[in-house]
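Heads up, the thing below is written out as structure tokens.
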């Protein structure tokens, strides 16, 4: 038998997570709340929902990123397949562009779970930064927001307001304070990394932290495709590449 | 120049839809509300948000559908690529399984937009059903919920509560009333089709109605993968196929 | 029981299409030949293989097409997932860019299969072109090769050399001769459409003609990714979009 | 300027890899040969082509693997999108099922490139196996072909016939001879791993070895979809899961 606690139906009923879908979920449970519930099988509190939705908002769209360009170009080539355009965009959600959230969450968790609960976060952070040596610390630094990512203080603020700042955020904040002592320069805590710390503090599955970035991005990509329908630019992007192409001789290797 | 009203950033600010992302969106705008806003570039009212999120809940997960099985099997094969597992699941969101929402929305809209505003929905519905001849009407009938899909009355109810039932829902309801006269049998209005009518009444772009089903399903697929991590079944599904395989001679064609 | 005539194995043997894989396929059967065999479960003749491989060569790569740009950008974002970069590129293989091959093959087949075998192709072609009215004939016209697509005469030549020109190619050639009488202008038979005619004459499944274009393109996309590794341009493409972006106010709808 | 040595066209010509596509590639260059050429920008010899195509044959299809099931289920759900069904299947080509080829090639290369050319492969192999400790050696062992994978000796044989067995195959063979001394048991060299050794000896880019497994699999998946059209089983697979599903209570975490 294949067991599931998610959706199920009989001729007369549909349940989701053990709830009557029509009566107890539809019209009552918001979409962010539902996504959290589906991932953890635990209904989040209003504060958890607010913090989780703040993360999703932080990650939804950043303009013409590679994933947005990819979705628009795929929609241009295959307008009959919205699912293909969305899937293609999500496939860019790997290690480099959308992976920071997961990398930061996992990194912080590996430290947190290897140590007993504590209060002296700065000491642990110092030890952690030193142990990394020349390896980059996930979530530290941003190529545009060099003086600080505006999403970062806002996430800390909301977590505080909701009483949900846990060990991952505490360690991440401490890394933000102590790393200049080791690295000799000050780097901002970026928003994507802070999102990873928040998601880990919320108890979401570490293996799927990237999945929440992808969920947020799905909403963003629908926005990109909607804008492409109103004000198309994909063909112009394609042509600007095409017109700047030079054919060269093969380089044997 | 490539113009966008979605995400934008400078070294010190990040905006989304013309708003200050950190100050005015994060912690304030729910995820369903944001997805609606991204798709229309118009902030929805609380009632619109509630109705929209009810649609997303209705479509998020239906248990071991082909898309869920596909995501789980892909995660089994390539556990390092959550984006691949989600993308593979979404690729099943085509004409047959997740397409009803879009098909129903477009179909109803083609009728609504071809006629002047009216009150006699039953007459228009009768004409519409007759004109279809033997072609299936999208959104009519359900292979499991033969006596009625529980999501359908609930969507009508929420739309009424919020004062958002428009011409698409009105026509769809009328089709539900009159089709037995033409077809000689009574079929239920299914939930996926009703979702299409709701999304069309909410003014969401018709070309992307399938996209909202896919957004809902992304949350569902994350739930499926989270459950697969806790209680894996994908390998068992694979083995049950493998053990029931018979090798046969090629059939030339 | 799930039956298959494709791959099967026991502890000591592996068969493919009823053949001993190691002894009778590896080292003996070329890759184009094998792809044909897998699709039809019939081993092609050397002439069929040559013609089929000419089609694959014709469709493998056209430089910086949207699919190539998409693969490169996805590889930039998620370099850990080659499968994601290839899959993203293939997802652009829809109705507009790679679909001509399938559309032409299906269109020609719909005419051929509706008529008794015949010799007067020009008469049937004239009737066909007239019946289309203002609807575009798939495979007719090319936005770059306005005076003729070099692939087209070559495919006819190879088909003739191998004695494999059948009704689809005959009808397509006739359409090339007669359409100016109806349309009042001369359009070239494009290479992608001719490929569709060839694949249909080879008896390959019409529902999957697009699949062969995608197989050819998979080889091309691997070439694109290999070139991206040696001489990266994806980041430059991304930056050229990014630097030409202008943030505008949302357009409510 | 974006440079490419792959496809290029002017109104009157199409070139591919610096060749006149119609005259010098179509009808002359086989598909496996072309795929090799695209990936390396170097035309392979007939022997290299034969060995490369033997690898592609070895990896094309293994019956109802997860990737095959995924493609068939996606085709069932979205029959209008062949590209989606193929892409979904390829997305399973990650670390676990199709990754062995790449892992073995990279592993062998990391050893070969760290040592001066040599003849005493057994000594290097012994050192290598010892250094791995408890970490699995990619390409060693097979869950079905416990007494030997029939593809392995065939690949060595073809490589020898063509004079193309290089350091990767030599080291892999030596690992096959010496590992029992260290591990205390004899494991077969599997076919997928041997393919990785062959591809590395052929000089194909290590970062893309998985890509060649995916190219082979694309042909296999088209075969699977063609068989699904003739003799459908996807719905039966779906129903067998659906009928064996049990709804359980959520497990909070």
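Each chain carries a letter (A, B, C and D) given by its place in the written order, and its residues are counted from 1.
Quick note on the criterion: a residue touches a chain if its C-beta (ideal position, glycine included) is under 8 Å from a C-beta of that chain, and two chains touch if they have at least 3 such contacts.
Since we're looking at a predicted model, the values are computed, not measured.
Looking at the partners of chain B and chain C together, the chains they share are A, D. Shared contacts of chain A and chain B, meaning chains that touch the two of them, come down to C, D. Distance between chain B and chain D, defined via averaged C-alpha coordinates, is recorded as 37 Å.
Computed centre separation for the pair chain A/chain D is 32 angstrom, with centres defined by C-alpha atoms. Annotation: 23 Å between the Cα-based centres of chain C and chain D. Within chain D, residues 2-5, 8, 40-41, 63-64, 78, 80-81, 83-84, 87-88, 91-94, 98, 205, 231, 237, 241, 245, 247, 251, 253 each touch two or more of the remaining chains. Here chain C touches chain D in the complex through residues 2-14, 16, 20-23, 25-27, 29-32, 34-35, 38-41, 50, 53-54, 56-58, 60-64, 79, 81-84, 86-88, 90-94, 98, 102, 144-151, 153-155, 157-158, 161, 191, 205, 207-208, 210-212, 214-216, 218-220, 222-227, 229, 231, 233, 236-237, going by the rule given at the top.
Interface of chain B with chain D (complex): residues 63-67, 69-70, 73-74, 76-81, 84-85, 87-88, 91-99, 230-231, 234, 237-238, 240-242, 245, 247, 251, 253. For chain C in complex with chain B, the touching residues are 1-5, 8, 15, 17-18, 40-42, 78, 80-81, 83-84, 87, 91, 203, 205, 241, 244-253.
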